[in-house]
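Next come the structures, one after another.
You will see chain A twice below: alongside chain B first, and alongside chain C after that.
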Partner chain A sequence: MTPDGSGKPLCGVITVKLGLVIDLDTCVGCHACAVACKEWNDGSPVSGPLSDYQPFGAEPSGVWFNRVRHYEVGDYPASKTINFPMSCMHCADADCVTVCPTGASYKREDGIVLVDQDKCMGCNLCAWACPYGARELDRSSGTMKKCTLCVDRINDERLPEEERQPACVLACPTHARFFGDFDDPDSQVSRLTAERGGFGLLPELGFAPVNRYLPPREPKPLTGLEDARSLLERGLASLASPLIRR
Partner chain B sequence: MMMYHSWDSQNAWLRQILSRNFLYMNRATAGASGLADDDWVWVESHHGRIRCQLKTMEGCEPHTVWTWNAVGRQRGTSGLAEDASEATAGFLLNHLISELLPASGARRFTNSDPVTGQAAWFDLRVRVRKCAPDETGIQPTFSAAKRRPDDDGSRPDVLHWTRGE
Partner chain C sequence: MSREFIPEDRAKQQTHYTTCYMCACRCGVKVTVDNGHVRFIEGNRSHPVNHGVICAKGSAGIMKQYSPAKLSKPLRRRSGSERGAGDFVEIEWDEALDLLTARLAKIRATNPTQLAFFTGRDQMQALSGLWAQQFGTPNWAAHGGFCSVNMAVAGLYTIGYSFWEFGAPDWDYAKYFMLWGVAEDHASNPIKIGLDKLKRSGAKFVSINPVRTGYSAIADEWIPIRPGTDGLLALALVHVLLKRGLVDWEFLIRYTNAPWLVVQTPGMPGDGLFARDGDGNPLVWDQDAQRLVNGTLAGIAPALYATRDLPDGRRAKTVFALATERYLDDRYAPETLAAECGVPAQTITRIALEMAHVAFNETVELLIPWTDMLGRTHHSVIGRPVAMHAMRGVSAHSNGFQTCRAIHLLQMLLGALDGPGNFRARTPFPRRIPMRTLPENDPALIFAPNTALKRMPNGYPARPEDLVIDADGRPLRIDKAYSWETPLSAHGLMHMVITNAVNRDPYPIDTLLLFMANMAWNSSMNTAEVRQMLARKDEQGDYAIPFLVVVDAFDSEIVKYADLVLPDTTYLERYDAISLLDRPISEPDAAADSIRHPVIALDRDVRPWQDVLVELASRLRLPAFSRADGSRKFKDYRDFIVNYEKLPGVGFLAGWRGKDGDKPLRGEPNPKQWERYIDNKGFFAYQWPEHMRYYRYANKDYLEFAEKHALRCRSSALPGRGCTPAGSRRIRGTASVSSHTSTRCRSGIHRSSPARPIAPGIR
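Take a look at the complex of A and B:
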């Protein structure tokens, strides 16, 4: 117990813990978040260019802060596609920061993990330390880059308040992404995590990742399916037959 | 779900997400036909045939094959290098599909959905055959598109964008 009875340490108090919630139930794997991320961050004062290699050639590749993978779970006909966007988890216990020999990698009081481009020497140690593959070495600048949680958007008072959110969150057409403060139990991200059983990736590694994923919902068993189907088929047939008789 | 981005533009970023396509087939159907991931296959219809590379998946109806169409490009188009994967590995189903429905009487109808007018690309019967070991590479192929006079064919190795002040 700490002196104020809260259980929280009194010195070095972190009162804000910013991160993302990603809903694996509604994500359709469109990559709009990844493209919007690259659009906002490319050439930004925080990270500089996000270089592209062989952009028009045989094997195009480049620096992205957010990548969407696609997995299949189960066998036909009970198979399901899971789309899985991944970016930096802004871990509470981030080895990427502690291994950095130049002090370029650091964690802010609001929880955001950043790389100071002027101090980074591109040694790659942090990329080896990160179990989530979130760090991207820019071969062109020779420095490490990563998700900034759009640090240059979220507090910018020149933006309308509803736009002070990461580019990926604003872009998602299915509203599968949410941004907020996990230290506030009443925030949308905290409530969603509690209600939907949100989980962090690879907790056993001890990095204490902040981002949370909402699991796909169990499909509800359909009742009266046959009735509905025959009704629909009869309805469609009577609607379509005058149209397609030609 | 990512392909709708690229209908018109295999641009520098979108083509990092998808710069070639495969023919997708139900995994059990493929197994029963002696087909496996990355096999080269002939796909034949009443109208034509193409050669392309196969991927198997669970989430596909057993008697249906599909692809992300509109990735394939003629060499030298869309501002891409001549060895771009869109031209060397990407393919189109267009060669299999007739513009017109079979003749019935004097009038010919377009092969399109009667309600929306969309090209009717959902009801074509095809045969899929494994290629002989020496049959690799997409078919058909075409000669490279003619370049604009101001295009020397070179493309940058690296792109970086900086924000204007």
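Take a look at the complex of A and C:
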């Protein structure tokens, strides 16, 4: 049972905890996830459209559910670019739901945090409560928009089964995104999290974010290189032609 | 808690499979259309290029479809208005086509070189090239010259295939991958899919790039090189390998021209050419017989290092001896080049040793029997699993040609070409070395009125006689491709066209026809000046380029300069054939091509440029498009694709040929071919059986199959080349270590090396 901010239980026993795993070892920061998300959800009845301001103008901007942030860590030449896609973490203890004055923000039994567009008045309280920057005000509709985990894909039995995934997961060219149930220890997301040391962001804030990030793998050392090098360094530098037949 | 949304009515939605055109990768896409409107674009899960994934641009195709910049009507520059002002009068298609046909007919009847037809990232070059050839102008090329021609020329003349579209790294077996000068571009999805595979398998990914963005972000090692010095780094790696003897001797002897003798007569004719016997065969020094022999024979023991006197007294030295002398010099030592490259010497040495370790100590052996070109069967396929890929960070430098050659030399020294774990060829590559396609260079044909060219405008010269120059050595093409200035300019030099035409150097032209090429924005070296040139007038007040036709789906900088604008369709509104005769979408394990077909209806007065080209060709009665009585042969582009045959049984689309659609690759036209493609989600893939997947420069079964299906030209098909391979051997192909251009075709060699636990040569 997952309590909401008021300490009261949500609707019944939660047995499903849906979320994403994002592999920082393979994310190249290409924004495929962000754009596929935007295009799918723009036409979605859940929270669409994702309004664009001047989409073909000089300074286009608009609403995104998922933004890829880029950081440089370390000092040259040991510096590294980290690409960091961020969207709603579907927190178990979602403060955005707690603070919502109209009840528009709610958490479903499967763990997905949604905004009821009919009840939202665009007051931004949820955005201020969210430490992950996952909620954005749509200036056209005057309501708050956020990741729905493509709730209209994942449960739509009219779609082929393999396509019942969030658009970002299906699009990702490096397969750095995974969707599944964290309450199921045998799910791919649970196994990946366990095997690769997946972590949640800012756990100290106490919102119990569900999404997990997989840290970069340690490069495998080139086995036997040292031995081989010493062997190879004894090799010939002579200019004798080897006797090899065609 | 049940707060439900009203779901979309999927019954009202249709899905269609077609091919993306948001960049040059040509991924398969699945387009969902809702009430005539594009609802969503996702990857086609069964497509050989992208296997279901899609990039940001691909998804954003919706934004392109609904862009307000789409052109909607043919436009003519208002009389009295200036180029660049964008002051147009809308005209009807009949008027536009009449106007253009009259102008083109006059050019063709007087001097066809007065038409220059250049295209941008044209994915129908097989058609636009055929059209130009049939029109009779040598002045045709596409975007390549600005982009990747350095790399393509280096690859095609060296190994028979090249980086980007003509080959791909073997992501499944590579254990060491070096990415040279690629940020986040060609190829987009395939590289990303591949990097994920490498990461999972634990392969090492080394990125050589001045900045650590895009793919480099996830590299296991980043080598922050000084821009433009990649070639020096490659040659420093070569230096380390040569110095320590970490070289695949068998590969060099069997597959390359490393043991061939090169004439050494400095300052005299013949210097630098291969020494040959009376039949034209290359000569090598046989260590068994202790004499000069035909280097293409089996069973001989060619010396890699040798200096010998030829029977005519001239001195000759092996290719490998020349290469070793040059690259063992201290000029190429890591310590010398470290400062120039910005890479520490010990890093260079370590990388070379790592590559050698993986190549020679972590060999991949697949138990796949195969037969070499001399008919010998081998029980397994050996791979030295080092793979490389390079793109514009290398090719767009002025030294990109030599840099790519150096990278290919590195691959050859390691014996890491088209085997498991290597950079592998994509059908119809590897081609012969050098390629057999020569550019048309007969002035009598080029200037002849109303006459088609015999050869294509573009090609691959290998001798001075192949250059496209007149008797006085002056260029015959407006871009000066294949002239002494730029003899090996495989895909033409589009970026030079406007400058040369305005300077009337080598000659003035009448009409410049540009298709999806915004020269005032890219595809030229100096975009601001290009705009001025387009508006430049001569002393009489006439434009230096008298007539500019721009064909595009979208408004752009260059549209403003056009005299006539022909509006094209978008990629979701038309038929397209992505052909094996063109730039193929093949993958290393499958020959493949694909189509586009209209998935949404046209909502404005535009026409597919393909249809317009067929229409113009019919009106102009170009031979390939017309019957003997002058009537049109093809109703439209769709009809052309089905029924045109380049050779008997060979058309633009290779899938489902034969009247019943049961003949892959080669067969008579199938009237239902488009339908079969659409049924198969927009593509055709012919999977290579295992024994034809590797060493295809020397794989007998592959080479014979490829010749039979016209995926590779036969020895007999040598347009205008006096170098029919000596002897009766039909199958040839070898990588070229030599830095010299051969005047002759080169021969192939077989492979029979078993897996070896240590480096070659150490025994």
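In this section, the second predicted complex is superposed on the first by the 207 of 246 C-alpha atoms of A that agree within 3 Å, B and C clash if a C-alpha of one lies under 4 Å from a C-alpha of the other, contacts with A are read in each partner's own complex, and residues count from 1 in each chain.
FYI, a contact is a pair of C-beta atoms (placed from the backbone, for glycine too) under 8 Å apart; a residue touches a chain by one contact, two chains touch by 3 or more.
What you see is a predicted model; the values in this text were computed from it and never measured.
Enquirer: In the overlaid three-chain picture, which partner chain does A:S44 touch, first (chain B) or second (chain C), both, or neither?
Expert: In the superposition, A:S44 contacts both chain B and chain C.
Enquirer: In the overlay, answer first, second, both or neither for which of chain B and chain C A:A34 touches.
Expert: A:A34 contacts both chain B and chain C.
Enquirer: Examine A:T81 and indicate which partner it touches, taking first as chain B and second as chain C; both and neither are also allowed.
Expert: Both partners.
Enquirer: Using the superposition on chain A described above, determine whether A:F56 touches chain B (first), chain C (second), both, or neither.
Expert: In the superposition, A:F56 touches chain B and chain C alike.
Enquirer: When the two structures are laid over each other on chain A, which of chain B and chain C touches more residues of chain A?
Expert: C
Enquirer: When the two structures are overlaid on chain A, which partner does A:S140 contact: first (chain B), second (chain C), both, or neither?
Expert: first
Enquirer: On chain A, which stretch or stretches are contacted by chain B in one complex as well as by chain C in the other?
Expert: Dual-contact residues (chain A): 28-31, 34-35, 38, 43-45, 55-56, 72, 76, 79-81, 83, 240, 243-244, 246.
Enquirer: Residue numbers of chain A touching chain B in their complex, please.
Expert: 28-31, 34-35, 38, 42-45, 48-62, 64, 68, 72, 74-76, 79-81, 83, 140-141, 240, 243-244, 246
Enquirer: In their shared complex, at which residues does chain A touch chain C?
Expert: Contact set of chain A toward chain C: 10-11, 25-32, 34-36, 38-40, 43-46, 55-56, 72, 76-77, 79-83, 106, 108-109, 114, 116, 152, 156, 158-159, 162-163, 167, 170-176, 216-217, 219-220, 222-225, 228-229, 231-246.
Enquirer: State the interface residues of chain B toward chain A in the complex, per the touch definition above.
Expert: By the definition above, chain B touches chain A via 1-2, 4-5, 12-17, 19, 26-28, 57-60, 62, 79-81, 83-85, 88, 109, 114-115, 155-163.
Enquirer: Give the list of chain C residues in touch with chain A in this complex.
Expert: 1, 3, 5-8, 10, 34, 39-43, 45, 50, 52-60, 62-63, 67-69, 184, 188-189, 192-193, 195-196, 199, 202, 204, 212-218, 220-222, 224, 243-246, 249-250, 253-254, 287-288, 297-306, 321, 324, 353-354, 356-358, 361-362, 749-750, 758-762
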